[in-house]
Amino acid sequence: MATFDGRIGGVYAISPTPFHADGALDWDSLDRLTDFYFETGCDGMTVLGVLGEGVKLDADEAVDVAARVIARAAGRPIIVGASAPGFAAMRALTHAVMDRGAAGVMIAPAAGLRTEDQIAGWFGGAIEAIGPDVPWVLQDFPQTTGVVMSPATIARIANAHPSLKLLKHEDWPGLEKISTLRRMEAEGAMRPLSILVGNSGLFLDFELDRGVDGANTGYAYPEMLVQAVRLARAGERDAMHDLFDAHLPLLRYEQQLGAGLAVRKYVLKQRGIIASDAMRRPCTPLSDTARAEIDYLMARLTRRLEALPA
Amino acid sequence: MATFDGRIGGVYAISPTPFHADGALDWDSLDRLTDFYFETGCDGMTVLGVLGEGVKLDADEAVDVAARVIARAAGRPIIVGASAPGFAAMRALTHAVMDRGAAGVMIAPAAGLRTEDQIAGWFGGAIEAIGPDVPWVLQDFPQTTGVVMSPATIARIANAHPSLKLLKHEDWPGLEKISTLRRMEAEGAMRPLSILVGNSGLFLDFELDRGVDGANTGYAYPEMLVQAVRLARAGERDAMHDLFDAHLPLLRYEQQLGAGLAVRKYVLKQRGIIASDAMRRPCTPLSDTARAEIDYLMARLTRRLEALPA
Amino acid sequence: MATFDGRIGGVYAISPTPFHADGALDWDSLDRLTDFYFETGCDGMTVLGVLGEGVKLDADEAVDVAARVIARAAGRPIIVGASAPGFAAMRALTHAVMDRGAAGVMIAPAAGLRTEDQIAGWFGGAIEAIGPDVPWVLQDFPQTTGVVMSPATIARIANAHPSLKLLKHEDWPGLEKISTLRRMEAEGAMRPLSILVGNSGLFLDFELDRGVDGANTGYAYPEMLVQAVRLARAGERDAMHDLFDAHLPLLRYEQQLGAGLAVRKYVLKQRGIIASDAMRRPCTPLSDTARAEIDYLMARLTRRLEALPA
Amino acid sequence: MATFDGRIGGVYAISPTPFHADGALDWDSLDRLTDFYFETGCDGMTVLGVLGEGVKLDADEAVDVAARVIARAAGRPIIVGASAPGFAAMRALTHAVMDRGAAGVMIAPAAGLRTEDQIAGWFGGAIEAIGPDVPWVLQDFPQTTGVVMSPATIARIANAHPSLKLLKHEDWPGLEKISTLRRMEAEGAMRPLSILVGNSGLFLDFELDRGVDGANTGYAYPEMLVQAVRLARAGERDAMHDLFDAHLPLLRYEQQLGAGLAVRKYVLKQRGIIASDAMRRPCTPLSDTARAEIDYLMARLTRRLEALPA
């Protein structure tokens, strides 16, 4: 199993799951995609998240996809999305992928949780179900789950569960939340907690300014995420923003909730990484107009990157 | 496979799934429960719905529960809850239980669907996934799914899918919806469609008055549901309401969203049908006060039934 | 101004606002309605709540309605619903009705509040806006507001604001919440707080068993609410439940969210209290079938009350 | 009254309401703001929307703000946000501002509407209440209202109400919706309907490509919106995207739901248009970090605009 502990930083790519046009899993593309993420400098990968169409796989397929990526990653950490409405399915998938070498699992709170006690209680049950020794990532994504977790609630969960290794922050607006969490950490109200940001990276530039450890998102040019984190670490603030701004028009286009998956698969296909941008149903395919818009954005990005100082 | 076609009426019990105190499946109790429903006069059963803690079973357990009940039912129709966020899991479970003799599956729309086109399109995909020959039940339960289907949307789905055999109506307030659907049916705007009511039967009395075909709910005294349908069919309106009103205090107590499952399991245990009222996590167990309240309601019900004319 | 302090108990009727068929305010009916509530033994009234179609009145009408009822009540306490999305309108209405002798105002949290800090902060702003000397009622009605307040959040608000005089509890399921609040009060975690229950009184029987101080709801037979509270105080538990159960079929019919207002106005009209059951738009009028159902329930109620011991 | 009919295009600025630090209305800043929008080339203004803190004004203040802007605009069209939960308040405000010379009102559907019939019925009631001769703008903003309107629903409303003059489109993702509406218009399924886009303009670039008539949003550099519309009309696609992309980092920062108002007021203050960035409560003020981030974005924008070809 890959190490996944201590201060976790850099870029963990959120990976889509490639399919053939008929909906069958495309194993060759999955291998190429795995290689691509690590060749571009990513530190790890997350599979079977929302972007990974995890809910569209049956139980056996899910384990197979995770196992394939884990094997291909050759020791680098792979996180597996294990969110499920019930703890039995969550435990079953968790144990299956941990047995196959996953670094940990990612868990988002179940829809419908509202009060701090409900949320903390639910995570207590989830961690009891998967076992307190399994490293896990807390996904904080209210736009999708409908569950709003205050900094105090996150701190309570972090303090209660040493097996929580990482916060995937994708609340929006979320900049002040990051600052509050970092302050609570500094004041001892929350134990040290690694934070990687999601929400497609729409605020990655200022999130890095505010002290997050990196990104855990699926933007189809992961090399930008990797480079932005490096520039931020090097104190090259302006250069980081210049790079980020060059990508922002396309990144914003990818960030469309629900539609973003189709955009990303199309970009990855145009870049030659995956063979098809097919999605499993239910899905909303891209229109021809949208494809043309993405081509236009990619061409503009290329030109703009050429104009940046090397 | 059991017949499940034409005008479907009477009572289809929504069945909980019995567990031992340690969370293991309690097969003996499941057999007793199956026998109980048919001995009390039910026409069929629905397993693995919300009440059946379907989401808390892993994939193999779900198939095993369905298969056990189907075998025990000896030819009477068993419906299996197959709602899932993705079509792959829905198809896998559907095929597994149809192979084992299920009469059909029950499908609720995925959370987040809003417009008529979204809803109709989603069901189009679902039926394509499970196959157009599998009989199915449309569950209309906005309080749980968040999806509101107008009568026009239901008619559109019914007219598009001959394999839709039954509407499980549990919208609330829902009386006018029933009258509208029956009027659309009479006017030819919707093909004939069987309607059984859920929402714990809180309005069963007037729903029968308004022409539904029966009940598809989990009230722990199914003999009342059976008798109420018979009285309604016989035109004994006052007697039907007298019987219903006698049960209403307890029925209302069972109807509490989220808490109702615990109440039902406790009543079934007190009645000697299942051995334990254990639920799998996440769940909210009954307090001692609540148990005492239920005992009180059961005692009051017994006295009140004795006072009714035979 | 009427006294509205200390342990507040008994029945505060939630009053509808009577209109003529053309939508104009019906002042005579409003006077009769006010007299009716106090003649049946109510201790106070709440006007301009959801049931009172408060949002359908313009600013001047709202003040006029409150002033009319306050004058007619001749010193008995009148609460005025003052919930509003902004604090300016809330303050304007509050000051206008307090100047005219209201006992206090009722405030529900604004839609969209989620975390404990958000909720507590919002109430801090609201109380600052209306002034810390104005007595107020906290309305806890998640089914309508979408805001879920845990017992801890309620205690925090109660402890922070001495001007909070009453909790209108209408969470559902809500029995355990009452027990928890009473336990927190006994343990000193929350200062003593009067609790009256709403949600149409659907669980009034057991809520009284669990120690609430009375009812603050709009059931169109307020004499039942008054008598139930008296029986509970006298320790006549069985008699209280007998009375409640006799009313439950109609009470449940009135409790339909959104549709209940029309039912209540119709019952009050049939009882001769208000001249018309007209509502202002947007509204959903009763169908002829629904009116007949209500007539049937009222006739059954009369017979059943006759059969109860005097 | 200003003309507001036929094909409406260009830029209608969504205006904030300036306050002094103590919360009092700042009339001088409101005048400067009105002048600013028209000097930068805007064609009209919308006041008292969400951005305008309309719900935080009491009834008299709302009319005064609208009247002040209308007078200052000297005949150019001013739209007034009139959304309200009840039709009485909507009518009262509408008549008051139309009497004072408003060009029309903007109405968003009430929260809680779900089916097409509910939505269309609600607008029928609203238009009956304000009168069928009052020009109005339909605001389609599901992220805030929770009401999702399909293209078919919008067409139904447009066809039923000739007084609907404009669609403020801010659904997200929303590009395909625009294309669908334009296709329905071309095919005669919807009468010609002007469309201006909101959602802070986050997709203005491609929305212009897809044929909208302009923008109706509150970005604090309205001169960009004006110029982008002109470039689009002139067929200068690349130049339009170049300009838009230069603004995107700040525009995206302003687009944060809930937090955006504070950002805009701060930018307008830094630009010397309004005297204070004070908001009325409930509100979330900017942190010092956020102010510094905005300053940084404004400085970067200035440099980047200098680098664009004139």
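A, B, C and D are the chain letters, set down in written order, and residue numbers restart from 1 in every chain.
By our rule, a residue touches a chain if its C-beta (ideal position, glycine included) is under 8 Å from a C-beta of that chain, and two chains touch if they have at least 3 such contacts.
Quantities reported herein were computed from a predicted structural model and do not represent experimental measurements.
Asker: Within the chain touch network, how many edges lie on the shortest path between chain A and chain C?
Answerer: The fewest touching-chain steps linking chain A to chain C number 1.
Asker: Is the number of contacting C-beta pairs greater for B-D or for C-D?
Answerer: Result of the comparison of B-D and C-D: C-D.
Asker: Looking only at residue numbers at the chain A/chain B interface, is the share used by both copies over half or under half? Answer same or different.
Answerer: same
Asker: What's the distance between the Cα centroids of chain B and chain C, rounded to whole Å?
Answerer: 34
Asker: Centroid of chain C to centroid of chain D, CA atoms only: how many Å?
Answerer: 38
Asker: Would you mind pulling out the distance in Å between where the CA atoms of chain B average out and where those of chain D do?
Answerer: It comes to 47 Å between the two C-alpha centres.
Asker: Indicate the residues of chain A shared as contacts by at least two other chains.
Answerer: Residues of chain A never touch two or more of the other chains.
Asker: Which positions of chain D touch chain A when the two form their complex?
Answerer: My answer: residues 172-173, 175-176, 179, 202-203, 205-206, 209-210, 241, 244-245, 248-249, 252-253, 256-259, 287, 289-290, 293, 300.
Asker: Touching residues of chain C toward chain D in the complex: what are they?
Answerer: 53-59, 61, 84-89, 91-92, 110-111, 121-122, 125, 128-129, 280-282
Asker: Where on chain B is chain D touching in the complex?
Answerer: Interface residues on chain B, with respect to chain D: 114-118, 148-150, 152-153.
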